[in-house]
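Each in structure tokens, the structures are laid out below.
Paired with chain B in one complex and with chain C in the other, chain A is shared by the two complexes that follow.
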Partner chain A sequence: MNIRYDQIIKTFFYSAHYVPITLLIAFVPVVLGLIFGSLIAIGRIYRVKIVSPILDFIVLFINALPGPIIILVLITVFNQGFDSFAKMLHLAIRAKNVNVIYVGILAMTIISIPALSESIRGALLSIDQGQYEAGYSVGLSKFQVLQRIVLPQAFLVLIPTLCGDVIGTLKGSSFLFIIGVMDIINSALKFATSSYCILEAYIAAALLYWLMSIFIENIFRLLEHQMGKHRRVLG
Partner chain B sequence: MIEIKNLHKSFGKNEIVRGVDVQVNKGDVVVILGPSGSGKTTFLRCLNFLERAEEGEITIDDVSVKFKQASKKDIFNIRKKIGFVFQNHNLFANKTAIENVMEGLITARKMSKKQSEEIALEALKKVGMEEKRDSYPCQLSGGQQQRVGIARAVALNPEVILFDEPTSALDPELVGETLRLIKSIAKEGITMIVVTHEISFAQDVANQVIFMADGVVVEKGEPNTFFLNPKEERTKTFLQRILPEEPMYNL
Partner chain C sequence: MFEFFSFHRMLEFFPKIISCFPITLSIVVVGIVAGIFFGTVLAFIRIYHVPLLNQLAFLFISFIRGTPIIVQLFVVYYGLPVLFENITGINIDRIDKFYFVLVTYALNEAGFLAEIIRASILAVPIGQTEAGYAVGLSGFDTFRKIVMPQAARLALPAVGVDMINLFKSTSLAYLLGIMDIVGKVQAIGANTYHYLEGYACTAIIFVVINFVLGTTFKYVNKKLSYGA
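This part shows the complex of A and B:
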């Protein structure tokens, strides 16, 4: 088998243009997932009546579904239902004018919420009850204790798992090629069709994912170093 | 003057505190002794609403609050009057020594940063920790952490400070210095309720000793009468078991 290294390089540079969009469809869902995931985690930790069991169920329900099913269900619902929905709201916009990337971001957000909320819950549970009690004893409210004492500490615990979650969402977002989102994989395949260098295209895409992961890991390492001033260094 | 009437607290079916009454005069140091599981720590935690008692009432100065019916505002007002020092310090791990002391002043008491820094520094000086003001709790020893914990309670200038076994988590050699610090603060006239196993501290510093067992107050009195002339059989056996021949720490 002959591998054409020049094709790898060409595809690499062609697909590199799609790195920003690929990062976007991973980054936006993680940020949204962090917001919703935090609310879910806090609701579950405080065992808020009625809400908490519903959240338990939702997390379990989404967690059990494979990513591609969520993506495909969403795109199907979108294609079949969006136009009548828009008409109902008297909007001029139609499904064919909407970039599928928004459907992709919505899908990735839904997929990332259970994992993120569980990571956040774990981080919150790692904070000693005494930290809450000390906060109450100096007169802080529940909200102030969370905001000023618990969440900053929990975030530091969260960083390593969050790094994994971000990279996981990044890799998971590659499934969006099945609904036609123009990301690294789709662009590499598009570039390869003219030369039939499919394997080279996959290698180029793999290299790009590899570099992005290293980049993300380094950012998180920096973040951990910056925020971890109060943590004892092991060893 | 602080008065606690008929405090009851259960965990599930287990009634841990079964109707405790305590009166503390301004400036008094009350020491609560008792075997493990006698409910003394639970009693203390109920006063600050860290546990919610099912029955009873607390009065500090002219403010009376029933434990069961207390609203958020009542709890906030009572906590404002009570300082708490924890067995395992519980310093805010993400804040430096001085930030630990300032937190309540800034966030709960709405003081300016400058004013709270002055008060915090004063409190840290009092406990001999002003040089460690910018250290994080993980960089401090247990004894140093407890000093900051005491400064955090003192800085809020509460009506009463509750000490929950303040030396139980410390190395034996740090116990003495921490007790000496608490004694020096007591000498300033701050009202205290101290749960401890350190008999010599009770003998030396307390105005009133309370002996608890099985969730009730068995006996209370001035230290001299209490230690030399206990009335109850239960107190006598307890004291015989723990009273050392010589005081363990020279306060």
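This part shows the complex of A and C:
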């Protein structure tokens, strides 16, 4: 038994066409996660009454669950409950007409919002309390302090963590192959079915994921370098 | 009408699912133990820049960190028998799938822990090693008595996070047909068509594990931070 290298190369180039879909199911959740995650993080930092403890609990709870479980639960609820839900709203749409990629994106968003909110919270907490006080002392409002003083500094701290989160979401999204999203793994397997080269398909998928991770890592390194250029190093 | 969710059924499933918990636990224990061992070896190769091995270790760590564990699981599952047969000529196709899962998680943890261990060893000031040499300790003794205790202390928080992540990632082992807690849910679901109750049970188990591990590591971390 031998590995057929030509099959790896063929599968690699075939699956490469499906990289955009994989990027889509990884990046849309990250962008949504950044938006909602920031809101949650800010809400938790300012200890807004009633809202903050609830957010604390939700973030802790979802972060404690493995991504695959969340995806499996969501797809089960979707399969069993969507039709009756649509009937209740008098919609003509049925579960079989919905592209599973939307369910996948929803699941990945649910996973990535709490994860990103924790990263953002960590970045915000790393900013010294004196920075807030300095802002208030010159008469800035709470929002202005965030916008002009805290967020620009926190973003720089966030970049390395964000890189890990993006790669984590990319890797986590690979589980969506279980619900039939045409991502790298499924396209590789589809290509391999005619030749039974399953191992070669997975190796090709691994290479693609690896390349994407390295690419993302380098982009973030570049970004960090660019953004950190103007930071004055004190002391 | 199809009953969507019932607590009664959840109570019924819970003992069945928790009885598969030792499988999940054994994956984690093997993963952590093997990960710390091989991770330390890899970390040393990277720290001392052992020619050739250093580059291989770099590639290995980059691969492990850059690819999803699902892909790693399947590459090991389909690839290890091929590799093994080519090297030794022995066919291991019939071996229990569980061993492939253990190998995957051990390799995965080795890759992740190698970086953590490397960073924490490098974070111990070089003066500590020099001090060890100055009082006449051998290289190994210096590491064992002076550097390792400090590095272990530094690595602890990161290892805690890593262990929680490892627990979460074991939920993928069911893809190879392992009867861990998630695999049991799938088996029960295939029989009864009730998946949600099973997932709720696993969710409870994972949240409890997360809480217990998180609290334990926080406690140990606090206990060990003398004076700081």
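By definition in this document, the second predicted complex is superposed on the first by the 229 of 235 C-alpha atoms of A that agree within 3 Å, B and C clash if a C-alpha of one lies under 4 Å from a C-alpha of the other, contacts with A are read in each partner's own complex, and residues count from 1 in each chain.
Convention: contacts are C-beta pairs under 8 Å (C-beta built on N, C-alpha and C of every residue); 3 or more make two chains touch, one makes a residue touch a chain.
Note that the structure is a prediction, hence the values are computed from the model and not measured.
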item	value
Chain B versus chain C as contact partner of A:65, first or second or both or neither	second
First (chain B), second (chain C), both or neither touched by A:144	first
First (chain B), second (chain C), both or neither touched by A:12	neither
Contact breadth on chain A, by residue count: chain C or chain B	C
First (chain B), second (chain C), both or neither touched by A:153	first
Which of chain B and chain C A:136 touches, first, second, both or neither	first
Which of chain B and chain C A:229 touches, first, second, both or neither	first
Contacts of A:177 with chain B and chain C, given as first, second, both or neither	second
Complex contact set, residues of chain B against chain A	48-50, 76, 79-80, 82-84, 86, 88, 90-96, 103-104, 107-109, 136-139, 152-153, 156
Of chain A, residues touching chain B in the complex	128, 130-131, 133-141, 144, 148-149, 152-153, 156, 229-232
Of chain A, residues touching chain C in the complex	1-3, 61, 63-69, 72-73, 76-77, 80-81, 167, 170-172, 174-175, 177-178, 185, 198-199, 202-203, 205-206, 209-210, 212-214, 217
Partner chain A, residues of chain C touching it in the complex	2, 4, 62-63, 65-72, 74-75, 78-79, 81-82, 85-86, 167-172, 175, 182, 195-196, 199, 202-203, 206-207, 209-211
